[in-house]
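Okay, handing you the structure first.
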Amino acid sequence: MDHDIDLSVEFGGLRFKNPVLTASGTFGYGIEFTRFFDISELGGFCTKGLSLEPMAGNAPGRIFETPAGMLNAIGLENVGVDAFIRDKLPPLEPYDCHVVANILGKSTEEFIRIVEKLDPQPKVSAYELNISCPNIKQGGMQFGHDPKLTFQVVDAVRGATSRPVWVKLSPNVTDITVFARACEEAGADAVTLVNTFVGMAIDVYRRRPMLSNGTGGLSGPAIRPLAVRLVYQVAQAVSIPVVGIGGISCARDALEFLIAGASAVQVGTANFVDPLTGPKVVEGLRDHCREQGIPAVRELIGSLKPIAEGEFVYY
Amino acid sequence: MDHDIDLSVEFGGLRFKNPVLTASGTFGYGIEFTRFFDISELGGFCTKGLSLEPMAGNAPGRIFETPAGMLNAIGLENVGVDAFIRDKLPPLEPYDCHVVANILGKSTEEFIRIVEKLDPQPKVSAYELNISCPNIKQGGMQFGHDPKLTFQVVDAVRGATSRPVWVKLSPNVTDITVFARACEEAGADAVTLVNTFVGMAIDVYRRRPMLSNGTGGLSGPAIRPLAVRLVYQVAQAVSIPVVGIGGISCARDALEFLIAGASAVQVGTANFVDPLTGPKVVEGLRDHCREQGIPAVRELIGSLKPIAEGEFVYY
Amino acid sequence: MLSLVVRLQAPVLENRPSPRHVFVLTVQAPQIAQSVRPGQFVMAAVAGQGDIPSPLLKRALAVFTVPDREATRITLLIKILGEGTRRLSTLRPGDALDLVGPLGEGFDLDRGRSRINLIVVGGTGVASAYLLARELARAGEEVRLLYGGRSADDLAGLAPFEQLEIPIITTTEDGTAGRAGLVTDALRECLEQYPARHLNLYTCGPNRMMQVVSEMAVPLGIPCQISVEIKMACGFGVCLGCTVKTTGSYRLACTHGPVFDASEFIWEQSG
Amino acid sequence: MLSLVVRLQAPVLENRPSPRHVFVLTVQAPQIAQSVRPGQFVMAAVAGQGDIPSPLLKRALAVFTVPDREATRITLLIKILGEGTRRLSTLRPGDALDLVGPLGEGFDLDRGRSRINLIVVGGTGVASAYLLARELARAGEEVRLLYGGRSADDLAGLAPFEQLEIPIITTTEDGTAGRAGLVTDALRECLEQYPARHLNLYTCGPNRMMQVVSEMAVPLGIPCQISVEIKMACGFGVCLGCTVKTTGSYRLACTHGPVFDASEFIWEQSG
């Protein structure tokens, strides 16, 4: 492999060997993927959302496939932060990629206690606060749909750790920039978006929801155009870095997010479709840069040229 | 064809021979589809959005395909209400299906003037107020993203006509029920949802938006789970009828909306994919009712049984 | 330790149609053929669809047989139910299958040592039963297949079992093949014939059938393993989508299962 | 009056590959074969994909030839560019194509009566040129094909033109076939050779080529028709997505075009 192209990106105090991470809830605790590839090839990955206590998640009927996407209502099943530290973190030691702990609390205090537990762990590089999970009653969108609560929780976590704090935003709002600005003001190092869009599927024979939770979160290629637009909008509105997520399946998709203003991207649902998507995106970015004569991928970030008055293009 | 199954639905003062309409902007002025099938087979159709004056629409680069969907930024190109009355309405005379005039004004006054022009036309059955187009600067989401303005414009149109007034809602809001309730209070006969979701696609080589307008509206199967959920939510929140729209490609899709609470559905993007989708959905609904022993399709409307505490299903 | 799982493109060698929308695919997949254990499955999709396959997610399918002595091939017995299986049915020699596998825990064969092993099968459950029957037969255990369907056409995939020279009882509801009746009727007879402590049950098929089998076996204290079918997104334990309810806790069908102990499994609750 | 347009499933009779990711599909489609006019197109997708094809939208393709005397078949000459054309390339005899057509206005042949008709072609634009050349030749008009590519391999679809016995000038940038150079160089020579009032131009191919051709023809007052390629969702005038800019107004490429008068067409503006 020839490494002439500089794929590295730096933001929020961290350097990533490439801008490709994998998304929370789609990459397990990382180790599961080591049988498919060396996860050191990734810029990093986000853990499954970690709570203070283990969570059992929702009853069966948790996923349903939709056109170019899927609904999920996992309900944040996770081993809890203690078991994560004890069982999941040590095996990651040999791998040279950033581990971003995606964390979720039912209250600001819980967020802080989780951070306090993780702070002594050197293998954790950053926190991603999940204030946007559509599938639980408490602690999810409750924070993410109220800019004041968003500010409060981010501000409190910011005060509790010197590690980079990322905040994962919900797309299910009229104006996402309000929330991005609240994060910026509260001192977040980055915002990551998007989490899933609330959706629903119905069993037309039984006339019941397909998901036991009633509704679920839509992810996958179907949402990509919506996510690209939100990333663009947020990148215009704030000056902290943005991490782009939503329906990325290949390098071309990742490029859309980078050009729209994302400093890095996360691959989610595509990890289920093809567990090698992460490294495939990395290689595809390298190929693109090489073909287009772009020496460093970071030059692409936010490079979108808006269409000026009177301009138009035939496709 | 055997017509044992009663497909008719009645709401907002109108009777439809079946609950399948076609959506504004995807069915031209109706007549274009008569070469594919007898449009009298439909419950009705919605015209392309009509404005007081003809509109040229946006510059080229108006559409872009996305996974299981498409972005459009047509910018409401239309012949204007006068040319509609003069050229488009007369050829529809022989067809026995409801013509719903989708209308759009830059101001409340414009909405009213359009209605005044259409009111003497017997071939028009109802108005669908488009207060949710994401692709124009004025008169689109400006009304649809402010509940007060929504109320004002609906209230004014309500006062100006005795015909059924439907209001087409934007899904790009945190809480769509607020807008549905505003319509209900203002005396709307029905709400129709959803219009398109704002999205974006980027040419990764030229680093420019694919659409000359920058952003566009996402439609097609990709958005169906989002639309089903919004329809369910609105049907729970208001007592006026709901017309369900978003990604319907077959009878199974239409059934999701009916069961979620829609009194009728509209087929949009699928008309491009297969111009015979409308009649195919009608036949599919008939088949479903027959197979399931449902004598009248209206029995399905709003028949979703939520999952009770402790219940779950394996799929 | 993580179990061995590979991701590969398997060339399609044959696609043999059966009645009732069933077909049997033979593909080249030595890594899977050589390591698969009874009850394990693969996640499969039509290969070469670009970055966004349609449907998006792979489909879970049991490894039906390993037909060649060298163990370079596997077969999959598949019923067309929706778009995913329909697309798989269009595969022809020269095409390829994207595979991830072998996956899941498979059956625990130790339970049935020196017992009469009854394998109760319906529908495409037959696909999970063959390697099990073969392994038990090879180990010299006593094993019988009870295989039921609505009519003769439903009894796909019988041929390889016949070569194992094990007793096979087939039942059809319309009497077009084997005994007339339900497979659970045949099972009831067996349960009456032998003392419970001599029996060990395996069952794969529709949930309703497995539930009836479980409800017959569990009260008698007969060990019974069921192999469940449930929607899966990943197949290897990371999406947490394939949860089932067992006494005590949720479990993942893809990593803890798809085989569960009938006495622990909680069937669906729906009003 | 609405023009005749049909929606049909056309059985695939042949899929003949050419170099450079080009292939020629022959399908059974008598309704289209019998009514198609030069410059018209169809919207096409792989048939049998269920309710949600992938990609979702059909692709616009010129009708290349009507190869049989009875006019029951059409051929399509297609270059693989993205997912839509790639999926079409997998079609084999026995498969079917979902078609809507014939669509669009096509060329105005009256313009070139008793003139020398030059058809300037590049890339898959050749697919729009054959029926045009044939009709002009049959009407006894003088017609010449100027066909350019980067190298010999790019000159797909030449064979049927050769049977028309019209003068053909081919150009390749690398000189591997015909004259070395650009097709617009060959055109320049023609323009120098004949008085403008004796000429009539048609051009189909990449936008950049057609723009150069237009800029050569229009100032000389030579009538020039261009056939544009632009993304289309419906193909029959209802999505309003395929707008192009012409002097005076926007026009739909699918119903007013895909053929436009070069003197009216406004090329893209981009900084």
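A, B, C and D are the chain letters, set down in written order, and residue numbers restart from 1 in every chain.
Here is the rule we go by: a contact is a pair of C-beta atoms (placed from the backbone, for glycine too) under 8 Å apart; a residue touches a chain by one contact, two chains touch by 3 or more.
Only a predicted model underlies this, so the values are computations on that prediction, with no experimental measurement involved.
Student: Based on the averaged CA atom positions, which chain is farthest from chain B?
Tutor: The most distant chain relative to chain B turns out to be C.
Student: Measuring from the mean C-alpha position of chain B to the mean C-alpha position of chain C, what distance in angstrom results?
Tutor: 45
Student: Averaged over CA atoms, how far is the centre of chain A from the centre of chain C? Could you give it in whole Å?
Tutor: Between these chains, centre-to-centre, one finds 36 Å.
Student: Which chain D residues reach two or more other chains?
Tutor: 52, 54, 230-231, 244-245, 268, 270
Student: Where in chain A do residues touch two or more other chains at once?
Tutor: 59-60, 64, 67-69, 206, 208, 220-221, 252, 305, 307, 310-315
Student: Going by the touch rule set out above, what shape does the chain contact graph take here: line, ring, star, complete or other?
Tutor: complete
Student: What does chain A use to touch chain D in their complex?
Tutor: Listed in rising order, the residues are 67-68, 305, 307-308, 310-315.
Student: Touching residues of chain A toward chain C in the complex: what are they?
Tutor: 25-28, 31-36, 48, 56-60, 62-65, 68-70, 72, 74, 77, 206, 208, 220-221, 249-250, 252-253, 269-276
Student: Please output the residues of chain D touching chain B within their complex, sorted ascending.
Tutor: Contacts found on chain D: 2, 4-5, 7, 51-58, 98, 100, 230-234, 236-245, 249-250, 268, 270.
Student: Where on chain D does chain C make contact in their complex?
Tutor: Counting only chain D, the residues touching chain C are 49-50, 52, 54, 83, 86.
Student: Using the touch definition from the top, list the residues of chain C that touch chain B in their complex.
Tutor: 52, 54, 207, 228, 230-231, 244-245, 268-271
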